[in-house]
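There are structures below to look over.
The two complexes that follow have chain A in common; it is paired with chain B in the first and with chain C in the second.
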Partner chain A sequence: MTTSNQRPEARTATEPPAWAIEIEGLERSYGEVQALRQVSLSIRKGEFFSLLGPSGCGKTTLLRLIAGLELPDAGRLLIGGRDALTIPAHQRPVNTVFQSYALFPHLNIRDNVAFGLKMKKLPPTEIKQRVDRIMELVAIQDLAERRPAQISGGQKQRVALARAVVNEPEVLLLDEPLGALDLKLRKQLQVELHQLQRRLGITFVHVTHDQDEALMMSDRIAVMKDGRIEQLDVGQRLYEQPRTKFVAQFLGSCNLFAGPVIQLNGSSAIVETEVGRLTLSFPASVRRLTIGQKITLALRPENLHLAYEAFPGCGNVFPAKVEAVIYGGAETQYRLVAGQLPLQATVLNSRMANQTFKEGDEIRCAIAEEALILLEDE
Partner chain B sequence: MNADPQTNDRSLTGALTRNGHWWRSALTSGPGLAWLTAFLLIPLLAIVTISFLTRGEYGEIERPFTFDNYQRLLGFGLLGFDPLYPTILVRSLILGLTTAGLCLFAALPLAFFIARLPGGWKTAALILVVVPFWTNLLIRTYAWQILFSSESWLCRTAQALGWLSPGTALYPGFLAVLVGMVCDFLPFMVLPLYASVEKIDWTLAEAAVDLGANPWQVFRHALLPQIIPGLSAGWVLVFLPATGQFVIPDLLGGAKTTMLGNLIQQQFGPSRDWPFGAAISFVALLLVVGGLWLRARNAPEKDGGLM
Partner chain C sequence: MRSPSPRLSVIAVLLYAFIYAPILVVIVYSFNASRFGAGWGGFTTRWYEVLLENAPALSAAKSTLLLGIFSTLLSTTLGTALAFGLARFRFPGKAWANRLLYVPVFIPDIVMAVALLLFYSLARQWFGLFELGLTTMILAHVTFQIPFVTIVVRARLAGLDPALEEAARDLGANEIQTFWHVTFPLIAPGVIAAAMLAFTLSLDDFVVSFFTSGPGATTLPILIYSSVKRGITPDINALSTLIIIVSFVATLATTLLQRSQKYKNLKSER
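After this line comes the complex of A and B, so read on.
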């Protein structure tokens, strides 16, 4: 964004705001449907931020509100410290990479990329320089004279990216940018996108329903559900310490245990679950538990350890039966049943691996106390 | 890379022909071709031929071959330059252009409005656009005569408001002609435009807004290119007949001015000068074809010709 568009009062502030985007109590409904309910969040400058959630969770609506393509019913939205709701969409310092790419079919690739600069009526020499540089950066310089109908999906994606980035926005909005591509290309572009963001230093706000994509690319992720932000954190924390059942299940798969607390000792608790008594240790910062309270525990499949014989010195051990073995190359997935409770376990197939199990085997499962995640009530 | 659909098409036709099925295409396109040859191509050639012949004393078509008819049309008659015929030509073109321009001006917002109506209302609105066609053109035109005469409520109101000097009327006059023309031709502009507007990909408009285009730029760069096919179809459908139209200018303009249409009609009718009439017809045809050719040449290749 050119500095001429920045308001003088924002410039006079002693130090530039650390937030690229600040959102407070944003609401939006479509008739009866509430797409966004009281959404508040802040996005740091230079951050790769992902909005993750199933379809209909409001993530795209939030993106469109930031872009200015829609207006909220209530709430505040600041972009670079300035109130953005009073700025019409075409003057906001943001650009969007659309899910369908939305390239102009009547213009060639070069003119598509130059579109935003031409709208701002920049001098032709500057337009040419900037367009050339960006097209080289995303490796589409050979396509300059082609029409959008004549290039592949992956190439279109790059053109859409170049067309947005060439305007040097404060924030780049990406609406499921890789959604229409096949898996292999998607993996490749994920890496490229991540590198590009690091190189340009532009704040990226990325909408996706693909948890792997979000985990791989983002600095922080907001998991959304029913128009609300369910949890906002760095990827690792979201995966290792999901707050709710929804987050635990949406990011990766998990086993769930439920039951009343029967004993409390400082930072550990014993819970009577479907598979028997499980000991859980939790940091002191976690909410207080009371005896008799019904709680839900989550466990990642890779943290469910399997063995034929007993685990010496481990408390959380219970028997289970192997129902199915799914070999997946690097790892093997086991479907188990413990009592009535179906469970899943993932075992890495390294040369160091101790054992493999067969369908129908009666085995034992063990869980480390720290691996159990205490979930909030829903 | 996508395969070029045209090459596919060609190879398909090629395969059919190689397999000896050429008679199939002859059978299917034959009747149409025969019809066009008998009733369009041959008469057209006759017109062209006649236009180079001479009118006999009693209106016969005689030799010798001559360019006199065309010279006359361009204003170079026996008595030196006379701008009568070029004026008629230009006047007709101006009427056609003005009508088409006004229709476009009126139809563009209307097409967008209809396209954005909810389902059932769309159909209702389209029917309303077409409804005037259910009344005969002459009746509609006479109705305008009455409405624009000095004693009508319309003119009285205009007089009362001071928009019109007392006792005067709108009919006959150029404004009345334009009103009649636009009302007659508007549906021909609205319908093809609507068909294009209906198919607009609005994410392109959003993309343009996002890239900093102001409302006018959005229309110019994101919407207009998408409705060019409907726009040019509508333009052709209005401009061509409007240029040749003479009933409305006659009835609402007060029969004082000659248009291309009545000039031709005069030559084949009262004046019995078929060669001159043929020459005018042919020049009018050339003008029209020339216009279409220019449009097709300047249009982006994707549009696919006329429509």
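After this line comes the complex of A and C, so read on.
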């Protein structure tokens, strides 16, 4: 805080608001179905923000509300600090890349890209200039005269992107933009999309059900479930410190242990789980635990260490049996069973790796105290 | 697809013969040189020449065309607007609006004709409006054309991806711009097909025209009807042949338009 003491007048009201989008208590129902329940969140200017969740979690509804294609039942929505709910869709400073691309089939690619600027009745020379520049930026200049029916899925995706960003919106909304593409193309476009966002500096709000995509591209991610935001954070924190079982399981895979707390010792606790006593260390700020309280712990598969012999000087050790070995190139996945509890472990296949294990092997597992994640009750 | 068995093929051919034989007879007899009776007096195109000098026939042809063109323009505009409303908006009574749309399609022409005649005579009595003539005929035709237009255009609208109109709005087009720049170009083939259908219906109509026509507004079907009362003459056959040709061309154009559109859709789905 020393810097702010040195410059007390920094960040005054003259500065433009730092938020591209502010949402407060947004609600939307379709008949009996509540698509959004009391959603509140703020998205920073220039941020690559992802809404992540399974189908039906409300992420697309939220995007459509921001676009103005639907109206909420209750709540507030500010875009660039201005109340957006009174502004109709065609006047909001946002543009959308639709899941189906929604390219106009009766117009060629150039006219598709120019559509927004023509609707705004900009001078033809300016339209031409901006369209040319953006088409070159996403490398579709050779397609100018073609119809949407005559280009590939990946090309359509670029055209849809160009058609939206040519309008220089304050916020670009992307509804599963890569969902219809095959894996290889998707990986390539993920990188391109990320670079494009950095270059343009436009705020991106991106809807996806693909956790890898969200982790790779986003500055921050809101994980959604049943119309609510389950957790909102940067990708690394979501992965390393998921708050709930849902988030832990939706972002990557995890092992779960459950049982009562039997001993408390400052910032560590001993829990009686299915695999025996596990010691857990947690920051004191996190949560108060009481003796006898039943808690759930999560563990990422890469943090489950395997060995034939005992681990010297490590507390959380228990025996397990190898049920299946799944070789995946860079890594190997092991399906284990400890007592009755099925577990999974991921081991990196580097040259430095010490051991590999075979099906049926009786082995020992070890967990570092810090690797165990304390989950909230659901 | 399999090929049909010989027996099935024979039945199919007979069926088509049954449908087209009377029409063929009319066409053949329009080239018959003999003036009366069923005998064949040799080939001639004389009756077509006679027709060109027949002033009542020419005037009826003009009325028929005017009636067809104006009623089609009106019904296509109104029917398209109705289809748009039914396809795009939710409002109380929409289910009934949809059901009532089909009623004029099922009501017998004669009932429709009598109803219109009654309506016009009442309107004339009370307001002094709707003096029978070409205008009343146009309005009458519009009433039975609208449902057909709406049904065809609505089908086309239903097949349109709603995301396209949303994309237009998202890109800054207001409702009117969205309609003219996106919706209309995409449903245009359906609108043209509907117009062709409406025109054909108007061209072929006898019952409604007969009841709602006034003095000096005779159409070809009415002219043919009144001539036939005095016996079928070869020039009537010639006139009928011409009407058949116009109807056939309009129907063919409609089918071709719809097919080319289907083909385009297939291509864009690929």
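In this section, the second predicted complex is superposed on the first by the 365 of 378 C-alpha atoms of A that agree within 3 Å, B and C clash if a C-alpha of one lies under 4 Å from a C-alpha of the other, contacts with A are read in each partner's own complex, and residues count from 1 in each chain.
Keep this in mind: contacts are C-beta pairs under 8 Å (C-beta built on N, C-alpha and C of every residue); 3 or more make two chains touch, one makes a residue touch a chain.
What you see is a predicted model; the values in this text were computed from it and never measured.
Overlay on chain A: chain B and chain C clash in the combined arrangement.
When the two complexes are overlaid on their common chain A, residue A:148 makes contact with chain C while staying clear of chain B.
Once the two complexes are overlaid on the shared chain, A:290 sits clear of chain B and of chain C alike.
Of the two partner chains placed by superposition, A:253 touches none, neither chain B nor chain C. By the touch criterion defined above, A:356 reaches neither chain B nor chain C. Clashing C-alpha atoms between chain C and chain B appear in just one of the listed stretches 9-17, 207-215 or 243-251, and that stretch is 207-215. Taken together, the two structures place residues 67-69, 89-91, 94-96, 98, 100, 102-106, 115-116, 119-120, 147, 149, 163-164, 167 of chain A in contact with chain B in one case and with chain C in the other.
Chain B makes touch with chain A in their complex at residues 1-2, 201, 203-204, 206-214, 217-218, 221-222, 225, 300, 302. Residue ranges of chain C in contact with chain A, taken from their complex: 161, 163-164, 166-174, 177, 181-182, 185-186, 264, 267-268, 270.
By the touch criterion stated above, chain A contacts chain B in their complex at residues 67-69, 89-91, 94-96, 98, 100, 102-106, 115-116, 119-120, 147, 149-150, 152, 163-164, 167.
By the touch criterion given at the top, residues 67-69, 88-91, 94-96, 98-100, 102-106, 115-116, 119-120, 147-149, 163-164, 167 of chain A touch chain C in their complex.
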